[in-house]
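Two complexes come next, and they have one chain in common, chain A, joined by chain B in the first and chain C in the second.
Entry: the complex of A and B
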């Protein structure tokens, strides 16, 4: 038994400070991403959820240039990006894709310039890789309070606008008829999403940011049609996948003879992807099949 | 600016821009911006894999962009397309991260794969780019009727026996081909700007499809040419100019359309003035 345990958890895993920091930050970010993600998937805004991470990253590389902290840059440009998307027309389903695309295209151009100036102005090696992939193991424990504060803010906003947001998501027409300011709710949600995504892409990298936002939520919405249950399932899936991925990445160092680990982002994404596919099998086995939105609508009508 | 070492650059840009303009027109029409972003970005992982195996970058890009297109199509059968795209993208990027952790690829090479290296195009790269470009345009010409129909009125297309899903897969494969050819030159991230900004600008200027497509090609060409010239003069990355000019062209198109609408009720005498202003 002990042998099996040491085989699963290589020695020193729980005692390692970077591992504990990564597990804590990864856990917090996974929960916030999962909560924001359920609405992102239901609203069909996965593209915006992914793009805001890239837009925020442009702010991060720009902030390096003018001597601001990366966090300011990430949050600042993330929120500006969300506002611009709304201005171009993210609230209409047909214009949503285009609005996101235009903002993303411009942000990528800016990133190209900022990274170029960063690398020529100072010897910031690895900036490109950092922006593209990021790493959960390089975050320091001093960032935990800031991350927790913004995570609470994002979760709080979603809790406050919960009812109107759900109604506006499921049926914008009914929401508008009931006097819900649909566009305002949409903007509030998009800004919250920008904050959540900016935080996650700063701390755990762009790949994981999108993976933790969409993966657990999509998995949960395949398993259940009740919004509340889906939220819970998404949080559990996200946190479990993050921790399993960290464990696997740590263990992978001991697998080959070369003593080279594989990146943690690879493992977390692989776990999430597997969970998503498995959830699909379960859904396929059940004949009763309906869009998750239907049940949410019934919840709303009953309330 | 037109020195001998720049000739290939101008040639390649002149091939890439029309392809981006034509394929991009349908990307905007179909609302496929997310796949158009995800396929090139995910294909970047293929380049990293090719570096690991020591095979040609173009092959790695082609294989991964096709895998991406098929993956999005496959996952999209049972989920919303944006969710399928996001999951396919992160999976490809995760593979890319795993590949990169195994190679000692230089940072500048990653940068140029992402943001393009128009200024270092070799003559041997020219032929594959031209061939893939021709293949893309040919595919769009062949698909033109069913593609337009299923993009504009999906219900009628289905009723006439045009399978929306099959068209979607075919179209994603065209995007993948366009990606493979353009990534080494303009970069994984900027081909996206070029496929969105100019076509969107063109569509806000006219609602006639063929005219819009031609306009889109012209705007894409001008964007790329100006970007190269500016990049040559200022020595900033060409990607910055492509990205911002694409977005600006869209803003200009929207502004022009709004201005025209607000003057639509005004006297006809205003129109020649407006045309002069825009020229």
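Entry: the complex of A and C
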């Protein structure tokens, strides 16, 4: 038994301070991403989520250029990007693809420029890897308060706008007729999405933030019919995938003779993808959950 | 407007629309539309596509500000956040992947506009279950809303709109995407609901025949102008010709009504061979 455990968990894993910090930060970020992700999938705004990842990449690489931390850039430009997308019409179904595409294209262009300048001008060769694919093992514990604060802000906003956001997701028309400030609720959600994407850009990278946002949510949607349960399932999937990814990345150091650890982002994304496929198998095995209706008789009799 | 008899009638009415005009980007959509709906009356809002039906419903809901005119619901000037009006919009596309059961959707009709997370209670569950039963949706209450058929989704959306106990229920083309049988079921359901719950129904449709057996009143809308009254009063060649602005004939065929553009009318050219304005 002990041998099996040492085989799964290589020695020193739990004692390692970077591992513990990574597990804590990764766990918090996975929860925020999962919560934002469930609404992103329900609202059909996955593309917008990915675009915000690209905006965050531009922010992170730009921040490094002027001597700020990438997290500052991820958050700053992410939130500005969310506002811009709302202004040019991401709330309207027709304007959505257009707004997202324009912002995404501009962001990738800026990222290309900033990363080039980062790596040539200031000789920080790690910038590309750090911004695009994350830095969960090198993030210091001093950033934990900032990450916690933004996570609480994001989950708090979702809790406040929970019902109007659901109603507006079902039908903006019904929500507007009931007096919901549909656009304001939409912007509040977009800012939450930007925060989630910025935080996961820090852990698994701006490019891969989409995986942590969409993957656990999409997995959860295959498992349950209830919104609250879906939220919980997405959080569990996201946190489990993050922790499993950290463990596998740590272990991978001992796999080859070269003693080179493989990137943690790869493992997290691989676990999420596997979970999504497994959830699909379970869904296929289950019969259709809707029963046919025939309540016409009573109405016909009454008419 | 200041006539006391008229004021009393408005106070008693479930809905009073007086002189409503709307122009959108320079085009006149509604032109001096006036009509009244009594409590518990089933009214069909009939008219061809583009006649302004959706715009009129949006004005009644307070989502569209009219250039002129007033809307009074239950004796009160219309304002948003008014729970006395229920609404089933056109084309609600429920995503099949959305993790939301039919009963969750109905529950949003109680307090979906409130901020914060819902507090679960026995009374809330009970109210949802009763409403689902009233619209004949109990059997699929636990199914994903997005996986239901068009007719089933309409029942759930009607329950969602009725659970706040409105005095007036507005439905925008609820029969548009349903097969004939499902459409008849929804019409029968609404006719029963109006009686049982004492709610006035205003239902828009481009086809009046499925509604003929249940309609108390007709509001006919064409080219932004409206005529209202009983079906016999409104669906006549004379009245409809005045609305359309060219000669139309009203034909009665086996208990169904066809509105046809007449010979030599300007409508012939406008309709270019599609001379049946409305068929059943």
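Note that the second predicted complex is superposed on the first by the 280 of 303 C-alpha atoms of A that agree within 3 Å, B and C clash if a C-alpha of one lies under 4 Å from a C-alpha of the other, contacts with A are read in each partner's own complex, and residues count from 1 in each chain.
Quick note on the criterion: contacts are C-beta pairs under 8 Å (C-beta built on N, C-alpha and C of every residue); 3 or more make two chains touch, one makes a residue touch a chain.
Treat the numbers as computed from the prediction; the structure is a model and nothing was measured.
When the shared chain is aligned, chain B comes close enough to touch A:211, but chain C does not.
Of the two partner chains placed around the shared chain by superposition, neither chain B nor chain C is touched by A:156. In the superposed model, A:41 makes contact with both chain B and chain C.
Looking at the shared chain after the overlay, A:110 reaches chain B, while chain C stays out of its contact range.
Residue contacts after overlaying the shared chain place A:166 against chain C, while chain B stays out of touching range. Of the two partner chains, chain C is the only one that A:174 touches; chain B does not reach it. When the two complexes are overlaid on their common chain A, residue A:226 makes contact with chain C while staying clear of chain B. Annotation for chain A, partner touching more residues between chain B and chain C: B.
Touching of chain A by both chain B and chain C, each in its own complex, is seen for residues 41, 44.
Taken in their complex, chain B has these residues touching chain A: 28, 31-34, 36-37, 78-80, 82-83, 85-87, 89-91, 93-95, 97-98, 100-102, 107, 110-111, 114-115, 187, 189-190, 192-193, 196-197, 200, 236-237, 239-244, 246-247, 250, 254. Looking at the complex, you find that chain A touches chain C at residues 38, 41-42, 44, 159-164, 166-167, 169-171, 173-180, 220-221, 224-227, 229-230, 288-291, 293, 295-296, 298-300, 302-303. Contacts from chain A toward chain B in the complex involve residues 41, 44-47, 49-51, 88, 94, 96-98, 100-113, 115-116, 119, 125-126, 128-129, 132-133, 206-208, 210-211, 213-215, 218, 222, 260-263, 265-266, 268-270, 272-273, 276, 280, 283-284.
On chain C, the positions that touch chain A within their shared complex are 61-63, 80-82, 85, 87-89, 92, 94-95, 97-101, 104-105, 108, 111-118, 136-137, 139-140, 142-145, 147-149, 151-152, 155, 160-161, 181, 184-185, 187-189, 191-192, 213-214.
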